[in-house]
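After this come two complexes, each holding chain A, first together with chain B and then together with chain C.
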Partner chain A sequence: MTATALRPPGAGARPEDDVAPVQRMRRIPRWALAVAVVVGWVVVWYFTKGTDTLTLGGRENTDTHDTLTSFRDWVLASRDTNPIVQLTTSIAEVFRSSVDWLQRMLSTANLPRPVPEVGWLGVTAVAAWVGLAIAGWRIALLVTASFLSFGILGFWQDSIDLLIVTFLAVLAAVVIGMPLAIWIATSARANSVVSVVLDLMQTMPTFVYLIPVVLFFGIGASGAVVATLIYALPPLVRIAGHGIRSVSPTTIEATDSAGQSRMQRLRKVQLPMARATIIVGLNQTIMAALSMATIASFVDGPGLGQPVLDGLKINDVGRAFVPGLLIVVIAVMLDRTTTAASERAENVARRGGHQHERRRKLLLAGTGLLALVLVYVSRVSLWAAEFPESELGTSLASVADSASTWVTDNLSSYTNPFRNEFTVLVLNGSDDRPGLQSLLAESPWYVTGAAIAVLALVVGGLRALLPTLVCLAGIYFLDLWHDAMITLTMTLVGTVLVMLLALVFGVWMARSRRTDLVVRPLLDAGQTIPPFVYLIPVLALFGPSRFTAIVAGIVYAAPAAIKLVADGVKGVPATTIEASRSTGATRWQEITKVQLPMARSSLVLATNQGLLYVLAMAVIGGLVGAGALGYDVVLGFSRSEEWGKGMAAGASIVLLGVMLDRITRAAAADRSAPREPSRTSRMRWGGI
Partner chain B sequence: MTRGWKGGRLAALAVGATLALAACGSNSIDAETQENEKKAQAAGGACEELNMAVNPWVGYEASAYVVGTVAEQELGCTVNYKNLKEDVSWQGFATGEVDVVIEDWGHPDLEKKFFEGSGDGSAMDFGPNGNVGIIGWYVPPWLAEEHPDILEWENLNKYAQDFATSESGGQGQFLGADPSYVQFDEAIVENLDLDFKVVFSGSEAASIEAFEQAEKNKEFLIGYFYEPQWFMSVVPLEKVALPPYKEGCQEPPEDVDCDYPETVLKKIVSTEWAESGDPSVDLVKNFEWTNEDQNTVAKYISQDKMSQEDAAAKWVEENPDKVKAWLP
Partner chain C sequence: MTTIPRTGRSTAPQGATAGAEQPPAPGSGDAALSVRNLWKVFGPKADKVVGTPDADLSRQELKSKTGCVIGVRDVSFDVAPGEVFVVMGLSGSGKSTLVRCLTRLIEPTAGTVVLDGEDVTAASEAKLRELRRTHVSMVFQHFGLLPHRQVLDNVAYGLEVRGMSKKERRAKATEILDLVGLDGYETSYPDQLSGGMQQRVGLARALASDPTMLLFDEPFSALDPLIRRDMQNEVIRLHHELGKTMVFITHDLQEALKLGDRILIMRDGEIVQVGTPDQVVGAPADDYVRDFTSDVPRSHVLTLKWVMRDPRPGDSSEGPVMSSDTVVFKAARAALASAHPVRVVDGGELVGIVDDEAILRVVVAEETTEGSKP
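Presenting the complex of A and B:
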């Protein structure tokens, strides 16, 4: 349901050289054509509004939905004899017993022992040692501080449980994902098939497949691991596949001439040379896995999601905030560790080994011994086994709670009127002036459909038209047209606001190192904190409404877009900026005429990712009164007779995502260069 | 060989530290382990594990943890609490992952699938739990006080414009609830000719927050709500009278034009577990308490911020007579 990327792929990449100046050779500019289409649409809307909108009531469903529900019922009824279920149950048993064993070792009492086999001191020491071994002193300190914060804030067990589930899901992702990555790297046909499946896995809202996953894999840890795995697998496959594919052909030819086998080529050349990219993929997979923490606890998955939901049940912002914050701590810790580890591996490989190999080994042996000693201590001494109780977590919770109350009490008299004005102006419109939603959702379906198709053709050419038509047809047949158009409206509005933020903050961060230092951790937090933590304050400010859903989407999507823009602008060569300065350009000219145009590929990528990220929050929108497809998905998750409607809504979200992705992709490719987009940009566009 | 010496010093330091650290209080873990072993033997294994589904609302938690606490304290059971939504809980009966759903508000579709007769027979009705669910249309207290006539449905249209929001398309807004609940409000609005549009809050948290803000800022709000609910003790919402419920007035769903009936909340259990002869079966069978009882524990959890375990243990200690009546 949610896609997290602390560092979206390509974030650090330089803008490609081939996306140079925009071609402005057409006779009629594209924007003029698009405006003409919209004007025509408004005119038609004026005379036809409110007819054939295919509106379906919140608790109504159609035969299509009932058919999907009865298919689910059939699978459910056959579970005792279904061979697939037999297989998945035995896989589930492996996950369940692994989680159980790890928990008894590290987080819960291993009865009759009153405590786990290894206490907090030992676990922290070993984790810090691993940090030291793979990434150095600074990371070891970061890891130590993170683990201590789990205990000090009073969530030791839940934090370790979340790490266990994440670890198993990521391990399974590597086992399944690496062969797939190699396969798609070496076969174009495999690539095109697997890509579609990965798109589906990433855009289908989790609430849709959570119940079937439980049906096949059971309640609790096993279901949680599998649900996490489904969502976390795609980034690894995509990015690793891309890395392996991009190993320079000359290197491969050179080594091939030495007469190596395919296996040797893979093991000795392709995999080692793609190592840095593979680790980026692993990093993204870990982040995606963490973003499932709260969702997994809807089916009794162990971890920090449980206390977050406990806070939500009693509308206690503080109680949800502290475990939410710890999820951010874990995300930042794992992100920085994997990044540092990969940089270090790069350096070592480049220099051909560690500089002080012998000293390093001694150091690791010494500290390793110390860690083992601490493990022993934590097995025999109660103080080292059970984290001492501390009031810090509760006080932090009450601080967060009163801060949130203060903000909402003082601001809600401004925010609610603002919401009203904004909604009427942008979404609702009036009788003779359409808002975006009235245009999309209150026009007859064939008018909206035709308008979208023509707009896709205008901005993206034939390559955009075809997927658009397929997706629109799919949405039509899933019987949720009206809801889909409302969701599309919210997604578009949210993305425009996201891009405004991305331009302002992205440029600011790129131009000021200090701003970057301050803002970046906030962006990391915005991306990894579970939305369930900030739902209540946002609701208090804006009430249950579509605007609230848009705000939630922005909180989630803006960080990724801001980072992409910042990195893109930063990547503009210093010499180019120097040159423009020497011609006496003002700062404003420098930004608008040099930096932004040259970072165009990053801007387009940020827009594309912004769209998909905002769309990913549609389901959260359903939880805060925005209705539409998000509500349908939650409904399907909540009431068994409505599962088919939820499934149809989930599929509609997937289709919207694919449509928006293909249109933006085609628009950018069509504009930037006459040639095919490079493989790099393709990979980056994959809705990660 | 300075480096080797360094390593040796580190190791020596470590060993010394171990002995020093291990010396303080190392026996408590062993002692507790032995005690736990003894306890396990004493229990004699009469009560096995009890898998208690915990559906996501505070009132449910109150019931689940009180029954669980009694099972632990009096029968020596190991209770596994499983945080699940209703659908998933029912799915778990057949696989043995869930034994008990302690508060069910009525799920005809799930009953059809899992009860004997129409379904696979993995679940069965274990009788009422004593709580009575009251569902209906509610307004914040300030509104009921200022405009008392709003508590009659006939007067709602008079105020429709006051209830309008940016979401309700020019009509009054009726705030629908979390999709988990049975709701006929779209039909009721239409069949009673009310100038309202149902906007679904989508979650209990959103509904509660909306009512809380409406009371605080004296805003018009009407919506679907229910008791027993902990929030009622924070903001005592007032119920609007709809045409009274009569047998059959909810059939078919699109023709509903009456109030919701009172719902007798039930216990649903796994058939296999119910036939296992485990002592906890009788406990669950006998369990019955009032809305007031549940509200007390719910208040401990939501207002006094106690953990579910502590809240339940407190109530159990305060009410030995009621607990005794449930024991086998």
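Presenting the complex of A and C:
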């Protein structure tokens, strides 16, 4: 690097002048190559369609799947002898009993008491007090209102259970994550090792953790906490590690020169200076934990996810609506609280403590005492222990139900044709014109595999080819090729639409401040909502189908992609834009020739994230008629004999995810040197 | 390029060696700081460079041959107790690396640093911490204050890491804040202060632990010119009041001349010249230093010793009497007002004669230089 830098400019420019034009003439543009590959593929499809597609019926299993199932049986049988399983079981036991104890304290009857130890009044009072202490009175009000809504809408116990699972997972994530964060912040080697593991953890769709976790940690509360913990850990480690690492080196040097020990440096300088960033990491971790804790209802995890899941399973929108709404309430409450706490930490750090420290302490002591009194009241009087019955929840559910019925009755004449047209046009195609799905899934497997490999080579070069081949081989051997190709189709279609949205809105937001001001809060709100919840309204609109899962995936992935594109385009230096304007470029030229090319790394990153998000949703969509791998996973949860197939489906999803991730990254690295922003943005979005 | 006044050249001390008057000879035992053959090489296998023929290569050659970059090359010097020793050089000359090697904020590759009789380079980690806590403090270009702490607690930080009780260290810090003129700002936070005030906090923090030596790493480069001048005067005042030994890094020759008892000029990690300000200006060691010092108002730096000629029997004995370390600028008015040449007398003995022409040569040469500037 420096060697070239040292070369005089004249000498450096020479060789390129000679070589570049020749290369440019010979090189066929990449998109033309890709189109050629696809055209060839279509021709081959025309003659071979329907052969060697490796289709596997809904309840059919292969030897591979049975082997996996017997592996599961072996693990279960060795529970008393295998030290690893013993370890995981005892960890699971700790989580299980903690959840159980907290439930008896806060949410379920602690026999022989007919009610929990602390009733709703006490729990709400303590929660509000915590909100007051860490983030101020506004947040205390928000917390109070949220907790009251749990009871009023009739889901007190499920809501508290969800919070308990989230809380325990976050606690464990902090205990494990903070030392890791400090470690990666202080050692470059640790950083590179841990980063690889975190990358893998973040590429895996949430759904996939559940199967192996359940095997080793059991179903119910313990499995839910562990799965949530695994999902919630990366953002904290990454962001806190980044925060600690970014503490100004001058300050470190200055305080080192005062003769501090390593421990003093950490406690008095690095941690306090990174405090606001660490809280941002905590926020991301909490939001990730909440979203995973709802999904963990698939493995009988306690909480609000269960009523949502019950509703989705039978396509009953009204039933899923109220608990879904409460999940959103909890998400907003947790997000606002941690964000406010982080802003407060920032203020305290920058401008000094609270101006009326004494008064604040008095206030906290007084309100704390009040909260304790309310806790006592909720222990001795029934009205404060058990939330009074209210019809509001049921009536809200029936409103949602009739709204959904109305939509089905009245709008379906618009939505259904749209859905069907789309399905025929894009997915299924016809006999002589392939849709994307028929091309991928109805070609012989070796044709599809070869086509994907060549496309990977064209898009990402050799660096993409190798992981692609490995992943394709893995999918082939897991015996779920056909299902995997259908899931891949949904992912690709969804991502293309996400990127269209991201380009339009991203550029618009970057170019118009007002649009940004209006749209960004909506996107932020969209990002805090756990993915599970998106399915409910989309299901109401389009009914159970593959299309529904794609739309939910788009809704889920779009906010992150739009924000990445908007930030990337906004990051183009103003002077460059000015220079382009001064040459008389039109607005369109400015966008296509300056802003988008310069924001290229953001576009690639947005595509990468879009793919992974849509993939995650396409899998969850197995629940609402999307079929394919997602359905296989769901089946693996519910039927013991299908466990192996579910596991294989999970592994195939991971391989799809890794393949898409590698190809986009290679595409990003191929033309331009990898740039640092991609890592930080990735980190920012990692937790969602 | 200006010509240097030639008068009395024979009596002028030659610049390149240390130890003109007050500083002790190199290696003498009572130096506050003694640096010997100090090297810092950055890069892979850096410790394999020193002592081999590679060490004699130029920076570029070494870089392309081994991938290593030389930060400091074979530097030796002494600083006397109470002296203000300025290290000067352009960016990339290795001066900041050098000052960090003194307390091993950067680990030197080879050589020894002896500070108040303690061998810093051989010290254990605990011993090194002890030295940093009690013997030497540093002031940084970008302040390096803790934004989450009040000014008072920033100043007390060094005392805190030593384990001093809160009450005691805050009392001490309050005292020091008075000293640097920041009383009333104890409970402010660094972000609320201007750059100059923040650097006063940095200065106070360095003084709080009552070290014998202060290191300054371009402390005023980030400040605007007026504030910089104030801060320089502040350092001069504190030096008068407290008498601490100071090692002061700067890229600004004016600052070096204003503050330094002696100046060390560095280029590419090597020493080019060590000497008093008038030595550096009057007898630059090479073209590099000469070029560097060409803008300096000579009459403000050179003393009569640089412009006098040997006394001759026929000289008038009625001119005004001055000592040889009087700056030309100060002598000029009296010298030109008198009809007789100035007699330079040291210790009652006539050592030289300065006539009007000699004085004018300094002043006029200076004006020519400045006049020729764009």
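Just so it is clear, the second predicted complex is superposed on the first by the 432 of 688 C-alpha atoms of A that agree within 3 Å, B and C clash if a C-alpha of one lies under 4 Å from a C-alpha of the other, contacts with A are read in each partner's own complex, and residues count from 1 in each chain.
What we mean here is this: a contact is a pair of C-beta atoms (placed from the backbone, for glycine too) under 8 Å apart; a residue touches a chain by one contact, two chains touch by 3 or more.
Treat the numbers as computed from the prediction; the structure is a model and nothing was measured.
Peer 1: Examine A:V377 and indicate which partner it touches, taking first as chain B and second as chain C; both and neither are also allowed.
Peer 2: A:V377 contacts chain B only, not chain C.
Peer 1: Counting touched residues of chain A, say whether chain B or chain C comes out ahead.
Peer 2: Tallying touched residues of chain A, the top partner is B.
Peer 1: Scan A:Q260 for contacts with chain B and chain C and give back first, second, both or neither.
Peer 2: In the superposition, A:Q260 contacts chain C only.
Peer 1: Between chain B (first) and chain C (second), which does A:L76 come into contact with in this model arrangement: first, second, both, or neither?
Peer 2: first
Peer 1: Using the superposition on chain A described above, determine whether A:S342 touches chain B (first), chain C (second), both, or neither.
Peer 2: Neither partner.
Peer 1: In the superposed arrangement, which partner chain does A:S146 touch: chain B (first), chain C (second), both, or neither?
Peer 2: neither
Peer 1: First (chain B), second (chain C), both or neither: which does A:L623 touch?
Peer 2: A:L623: touches chain B, not chain C.
Peer 1: Under the contact definition given at the top, report the residues of chain A touching chain B in one complex and chain C in the other.
Peer 2: Common interface on chain A, chain B vs chain C: nothing in common.
Peer 1: Within the complex, which stretch of chain B touches chain A?
Peer 2: Result: residues 3-4, 6-7, 10-11, 14-15, 17-18, 21-22, 24-26, 28-29, 32-34, 36-37, 40, 56-58, 61, 82-88, 90-92, 94-95, 97-98, 107, 109-110, 113, 120, 165-167, 169, 175-176, 178-180, 183-184, 186, 198-210, 212-213, 216-217, 230-231, 253, 301-302, 305 of chain B touch chain A.
Peer 1: Quick one: which bits of chain C touch chain A in the complex? Just the residue numbers, please.
Peer 2: That would be residues 60, 63-64, 100, 103, 105, 128-134, 136-138, 140-148, 150, 157-158, 160-162, 187-189, 191-192, 202, 205, 209, 215 of chain C.
Peer 1: Which residues of chain A touch chain C in the complex?
Peer 2: 2-3, 6, 248, 250-261, 264, 268-269, 272-273, 275, 348-352
Peer 1: Can you tell me which positions in chain A touch chain B when the two form their complex?
Peer 2: These residues of chain A touch chain B: 57-60, 73, 76-77, 79-80, 111-115, 211, 214-215, 218-220, 297-300, 306, 309, 312-316, 319, 358-359, 362, 365-367, 369-370, 373, 376-377, 379-385, 408-409, 412-413, 419-420, 423-424, 427-428, 535-536, 539-540, 543-547, 622-627, 630-631, 634-635, 637-642.
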